[in-house]
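Each of the next two complexes has subunit A plus one other chain: subunit B in the first, subunit C in the second.
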Partner chain A sequence: MTAVAAPPAPPEAPPVRRVRRGGGLAPPWWFAVPALAVYALVMLYPSIAGAASAFTDWSGVGEQRSFVGLDNFQQLLQDDQALGALRSTLLLTVAIVVVQNGLGLLLALGVHTTIKSRMLLRVIFFAPVVVSPVMVSFLWKYVYNPAPDAGLNAVLGALGLGSLRQDWLGDPSLAIWSVAFTVIWQCAGYSMVIFLAGLEGVPKELHESAMVDGAGTVARFRHITWPLLAPAVTINVMLSTVGGLTLFTQIIAMTNGGPGYATDTLSTVLYKQAFVFGKFGYSTAVALVLALFVAAVSFVQIAYLRSRETTA
Partner chain B sequence: MRTGYRPRTFVLELVMVATAVAFLFPVYALVTLAFKDPNQIANDPLALPDPPSAESFGTAWQSASLGSALLNSTLITVSSVIALIVLGSLSAYFLARRAGRLGYGLYILFLVGIILPFQLGMIPLYQLVSDLGLLGTYQGMILFYTGIQLPFTVFLYTGFIRSLPADYTNAALIDGATHLQAFRHVIFPLLRPITGTVLILNAVHIWNDFFTPLLYLGGSGRETVPVRVFAFVNEYTSDYGLVAAGLVLAAVPILVIFLVLQRYVIRGFSSGLKG
Partner chain C sequence: MAPEMISAPVSRRRVLQLLGGALAAGTLAACGDSSGGGGGGGLKVIGAGSQEAGLRKALDEYKLQNGSFEFNLSFSPADQLQTSLRAQLAAGNAPDLHAVYPGNGSAMSMVQLSKAGLLADLSDQSWTQKIPSGFKGAYQQDGKTYIFSPGTSVLGAIYNKKAFAQAGVGVPTTWSELLAVCEALKKKGIVPLALGAQTPWVTQLIDYALVPGTVYAQQPDFDDKMAAGSATFAGSGWADAMEKYLELQRRGYFNDNPNGTTYEQATSMVGTGKAAMAVQVSAVLQAYREAAPSPDDLGMFPFPATDNVADNWIPGGIVVGIAISAKSKKADEARKFVEFCATPATMNAWAEAVACVPLYAEGEAKVDPVLKPFLPNLAGNKAVPFMDQRWPNAEVQPTHFAVVQELLGGRTTVDAALKKMDEAYRKTA
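For the complex of A and B:
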C-alpha cells in the first residue's frame, strides 16, 4: 500500500515518427505518390481537360479552338439524334436495372437451397460474366439472326411458334430490347453472386423462429430476407445503373447504333461525333452531360438506398 | 431455408435446371455451329453436327492470328495487374494509416474516379497517349489500365487495411525496420485475401476490355484478343461456321481459367463488391 500513483513520466525523447489516430506509425507520403501520379495522368487530367473542351468548338485536330460558352449544350438540346440517344439510354438502363436484378435475385434464391445441382448452376449462370462483352455480342448477333431458320427464330419455328419470329436487331422498335436482353443474359449471374453473398448473411435462426411462428415462405421472404438484402440491392442497383448509362461495347458490336439511330446511346453518339464527324468539342459536351447524369443518379441512389438499409 | 430434400425441392430443381438449359441455348448454338460444315448450317441449324468437323478451328486460329493476340492480352493483363497491386496497396496503406485531412482528401479524390465515366476524358487522353508516343505500344495500355483501375483497387485495399490492427507494423518499426520493409514483410502478406480479389476483378476487366485497345492498338500488330475477334468477325461475317469457331477459340482460355478457379472467382467478385 505504499505505492502512490505516480504521475506519468514525461516522454524521454520526442517520438521519431508521429503516431497517428489509428495507433499506427504513419507511412511516409511518398507511398501514395506513384499511384496518385498515374491516376492524375490517366484520369484526373483528361477528365478535367475533357470537361473544359465541352465549352469550345475544338475539332480534335491541332490546337485550334475557341471558347463558345454553352453553344454545344444548346445544340445538344436541338439535336434529335442526341435526344433520341438520351431516351434510349434511359430506357435501356431501366430495363437492365429492373430485369437483370430481378432475374439475379430469383436465380440466387433458387441456388441458395438444397437442390442437388446448386453448385453447377452457380457456375453456369456466372460463366458469361467472365467472357468479353464483344464476344457475347457476336454470339447474340447470331441468335438474333433475321433468317427464319437460324438462331432464335429457328427455335421458335421448331416449337411451333413460327408466328413470333422477328427481325430482332433490324426492327427499330425491337432492337433496343434485343440489346438489353443480351446485357441481361451476360450480367444476371453477376447480380446473382452479389445477392448470394447477401443471402449468406441472413441468420438461419430468424427463419427458424419465424417458421415456428407459422410464417410461410412468402412472409419470411418479405419480412426477413428482403430487408436484410438491402446492402446487396444497393450495390446491384448502383452497378447496373452505371453499367446501363455507359453501355457502349454491346451496341457497337451488335447494331452500331442502328437501325437508323434506334439503338444509339449517349456513349455511341459521343464516340461518333468525335471519331466519325470530328466534332470533339460537341462530343465532350455529350460526355459531360453523361458524366453529370451518372454522378447525379449515383448520389440519389446512394442516399435513397442507404436510408432503406438503416431503417431495415 | 435449408431443410431436407422434399417434393417441393424436386420441383424447384426441375425449374432451375430448365432455366439453365434455356440459358445455355446460345452457347449450344455457337458450339454446334463451329463443328458443322456450311451445308449442314444451312439445312439443320439446330441439330447436332453430323459428322462433326473441326476444320473451321484451324482456319479461324490462323486468320484471326489468335496465338499472338493471346500473347498480347496476357502481357498487358499480367503487367497491369502487377502494377495495380503494387501501386494500389502502397497508396492504400498510406491512406488507411494517415488520418486527418490529407489522408481523407486523397481517399475521396481516388473514390471520385470510380464513378467518373471514362468517356469524359477519352479524347484528351487519346491526345496525351499519342503525344507521349505510346499509341500502339504495350506500355501505353499498361499505363492506361493502371490509372483507370486504380480507384477501385485503392478502395478495396483501403477498406481492408483499416480493419488490420496497427500493432504488427509498429512492432517491426520499433525493432528498426524501415517503412518499406514493414510493408513488404508484415503488411503485404496480410493482404493476401484482398489481393486475390483485386487480382481477379482487374484481370477479368482488363482481359475483356474492347474499346480502349481498339482505339490505342488498332493496326499496331499488338491487338488483344477482343480486338482481333472483332476484326475477324467483321471480315468473315457471312461464314457462320468460321466465325463461331473463332469465338469459341477466343473464349476458351478465359473459360478454362474460370472453371479451374471458379470458387475464388465467384467469392472474389462478391466479397470485392461487398466492400
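For the complex of A and C:
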C-alpha cells in the first residue's frame, strides 16, 4: 500500500487581517491619518481654541484677555435677550420642523405619481433649495414690502382681501412667522426630495396586495407607506431641527433680529455679542451652550426616531 | 513626441529639478510683484461706504502727485464694517489703513480699537495740533490722536422742496411750526416724514435730532454727568425727545409701517416727492440726490426740537475716519498719505465730496450749499457730537436701535426703553 504522502504542511497562516462585518478587508487605520490631520487642523483645533475663549473676557480684537471662569455662563442665565432669543428659536424650530416636513411630505406624495409633468414639478419645487439663502431673503423682503401697493399686500388688495394686508416684517408679533414662512418655502423642496427617496423604496407589491385586500388610499398610506418612510422622517426631522436651532442667515438678512428683539435667535445673539457689542468671550459662551443644546436635542431625537424605525 | 514624454518614467532627481524650477519661478514672480507693485500690491485700504467719494478723491490725487504710490481700495457699508473689518482685525490681517468710527460707543470706534492696541499713534503729525478742543474726544484717547476724519457731518431734515411748495409750507424753526408743516403736508396727501426704521441705524436719527434741544441745550455737561453716574437717560430730556418721536407717529406723520420700511425705501420716497422729509445725516445727501429727478429739489434744515429757537441745538458729529493699523508693514507710507489728507486743500475737497464741514480751513471753507442753515449753530457752539460718540461701550447704541423699534411697534414704553438704555450704559466697556 502506498503510503499516502502526507499532505504538504499548510503554508504559514497569513497574519490575521481585520475583516469587516460586511465582508472584505478593512483598510489599515493609518489610511485615515491625512484626513484626520486636516480635520484636526481646520475643525478641531479652531473649535477647541475658540471654546477656550468662553472662559475669558476677550473683546474679539487685540491681545487683552483674562480668565473669568464661569462668569460668562452665569451672565447668560440672567440675560433677558438671550432667554427671549431661546424662546424664539424654539418656536421657529417647532414651526419649521412641523410645517416644512409636512409640506415636504405632501409635495413628495404629489410628485410621486406617474403623471407626465412629474419631473418638471420636482424641479420647480426643489428650485428654491439651490438659491442662496441671502438671495431668497432679499427676494422675500420685496414680497413683504409693507406698502399697500407693493408685494404680497398688492396681491391681497387685487384679490379683494385688502383687510389682510400686514406689516409683515415690521410687526413684532408677525415678523418671526414671516421669516419662518420664507425658510419653509425655501427648504420644503429639500424635505420633499428625502421623502421622495423614501417613497421610491416602498415596494409596489405591498400596495398591490393591500389593494387586493380592499385597502383604500388612506389605509395604505397609514399602514404601508408611513411606517416604511420612518428612516426618511428621521433624517428630515433631524436636519430641520438642527437647521431651525441654528437659523441665522435669513434672520440677519430680513430683520436683523428686529423689530426690537422680536426675531433674535440664539445665533443672532451670539453674532451680535461678538461683532456688534465686542464681547467675543461671552459670545463664545453662548455658542458653546447652543452647540451642546443642539447636540442634546439631536441625540434625544435620533434615539427616539431610530427606536421607532426598528419597531415599524 | 508628447505621448513618449508622458509615459517616460520620472526619476526622483527629475522631480526635484522640476520642484526647484517651480520654486525659482515662484520666487521670481514674487520679486517681480514687489518691484512692480511699489511694495507688494500697494497700500491696502478699506473705507466706509459713506466716505467713498472723499477718500477715493484723496487717494487718486495723492497717486497723481506720487507716481510710485499704489493702493488697493475697497469699501464696506456701515453695517458690515463691524463684522468684516473686525474679523480681519481679530485674525491679525488688518488692512494698512481702514475706516474707524470717531470717539467711543461702537465696536469699531477709535477708543475701543486703540485700547486694544490696534491703531497707530498719529500724534506726531502737525495737523493734530489744529483739532478744535471740542472735538478732541472724537480723535484722541489718553491725549494721543489715533484717527483722521475730514470734519463734521450734521443731522437734520432732508426735504423735498417741490413737496413743500405743493403744500404751501416753508421751513419750520420751532417744534410747533414743524407739527403745523407736517399737518399741512398730510392734508395734501404727502407723507410728512419718511422713516425707514427697519434699517437699524436709521432708528436713532430722530432722537439724535431732538436730544440736542431737549437735553444738551439745558445741560451741556450731560455726558460728563452720565459718566459720573449722576444722570440717567430715563431722568433726562431723552424722555421728552422720545415722547416727541412717538407723537409724530401718533399724529400719523410717518409713512405706514416704519418698522417694515428700509432706509432705501425711505430715501426713494423723499426723492420722488411721495414723502416730504426724512431726518438724516448730511453724509447721505448724495443718495437722496440720486433718488430725485433733479438734485436741486432737495434741501436740508435743522430739525427743531423745542419752541424756543435758541434751544434748538443741532447734532454735528465727526464723520467716519481712517486710522493706520498698528501692525501695518507700510505704516510710513500710510502716515504720509494721512498727512496729505490733513492738508487744508485735500481736506476741503474730501469734505465737499461727502457734504461735511471741514475740520479746519484756510480762509472760508467750501461747503455744500444745503449745509448753510447749519453753519450758524456750528459757529455759535450750539452743536453736539452724535450722542454715541461719548457712550462708554458698544452696547448702548444697538440697545437704542432695538428699543426705538419696540416703541414704534407699541411693544414698550418710553420709561422702560430708557431704563434699558441706562442698563446697557452701566455695563463695563
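By definition in this document, the second predicted complex is superposed on the first by the 278 of 312 C-alpha atoms of A that agree within 3 Å, B and C clash if a C-alpha of one lies under 4 Å from a C-alpha of the other, contacts with A are read in each partner's own complex, and residues count from 1 in each chain.
Everything below uses one rule, namely that a contact is a pair of C-beta atoms (placed from the backbone, for glycine too) under 8 Å apart; a residue touches a chain by one contact, two chains touch by 3 or more.
It should be emphasised that the depicted structure is a prediction, and the values quoted were computed from it without experimental measurement.
Peer 1: Pick one for A:Pro146: touches subunit B only (first), subunit C only (second), both, or neither.
Peer 2: Only subunit C is touched by A:Pro146; subunit B is not.
Peer 1: Could you figure out whether subunit B or subunit C reaches more residues of subunit A?
Peer 2: Counting contacted residues of subunit A, the larger count belongs to B.
Peer 1: Just to be sure I read the superposition right, which of the two partners does A:Ser307 touch: subunit B = first, subunit C = second, or both, or neither?
Peer 2: Touch status of A:Ser307: no partner.
Peer 1: In the superposed arrangement, does A:Val155 touch subunit B (first), subunit C (second), both or neither?
Peer 2: In the superposition, A:Val155 contacts subunit B only.
Peer 1: Taking the superposition on A as described, I'd like to know which of subunit B and subunit C A:Ser267 touches: first, second, both or neither.
Peer 2: It touches subunit B, and subunit C stays clear.
Peer 1: For A:Gln74, using the defined touch cut-off, is the partner it touches subunit B, subunit C, both, or neither? Pick first, second, both or neither.
Peer 2: A:Gln74 sits against neither subunit B nor subunit C.
Peer 1: Pick one for A:Phe280: touches subunit B only (first), subunit C only (second), both, or neither.
Peer 2: After superposition on chain A, A:Phe280 lies in contact with both partners, subunit B and subunit C.
Peer 1: Based on the superposed arrangement, let me know which partner A:Pro259 touches: subunit B (first), subunit C (second), both, or neither?
Peer 2: It touches subunit C, and subunit B stays clear.
Peer 1: Quick check on my understanding: which residues of subunit A belong to both its subunit B contact set and its subunit C contact set?
Peer 2: Of subunit A, residues 60, 271, 280 contact subunit B in one complex and subunit C in the other.
Peer 1: Using the touch rule from the top, collect the residues of subunit A that touch subunit C in their complex.
Peer 2: Residue positions touching the partner: 59-64, 141, 144-148, 167-172, 255-262, 271-272, 275-278, 280.
Peer 1: For the complex, which residues does subunit C have touching subunit A?
Peer 2: Counting only subunit C, the residues touching subunit A are 82-83, 86-87, 89-90, 107, 112-113, 115-118, 197-198, 200, 255-262, 265, 393-395, 398, 401-403, 405-406, 408-409, 411-412.
Peer 1: Note which residues of subunit A are touching subunit B in the complex, please.
Peer 2: Interface residues on subunit A, with respect to subunit B: 17, 20-29, 31-32, 34-36, 38-39, 41-51, 53, 60, 107, 110-111, 113-117, 121-127, 129-135, 138-140, 142-143, 149-151, 154-155, 158, 185, 190, 193-194, 196-197, 204, 207, 211, 217, 220, 231-232, 235, 239, 242, 245-246, 248-249, 252-253, 267, 270-271, 274, 280, 283-284, 287-288, 290-291, 294-295, 298.
Peer 1: Would you mind writing out the residues of subunit B in touch with subunit A in their complex?
Peer 2: Those residues of subunit B that touch subunit A are 1-5, 9, 12-13, 15-17, 19-20, 23-27, 29-30, 33, 45-46, 83, 87-88, 90-91, 93-100, 102, 106, 109-110, 113, 115-125, 128, 143-144, 146-148, 150-151, 154, 162, 165-167, 169-170, 173, 179, 183, 204, 207-211, 225-226, 229-230, 233, 240, 243-244, 247, 250-251, 254-255, 258-259, 262, 265-266, 269-271, 273-275.
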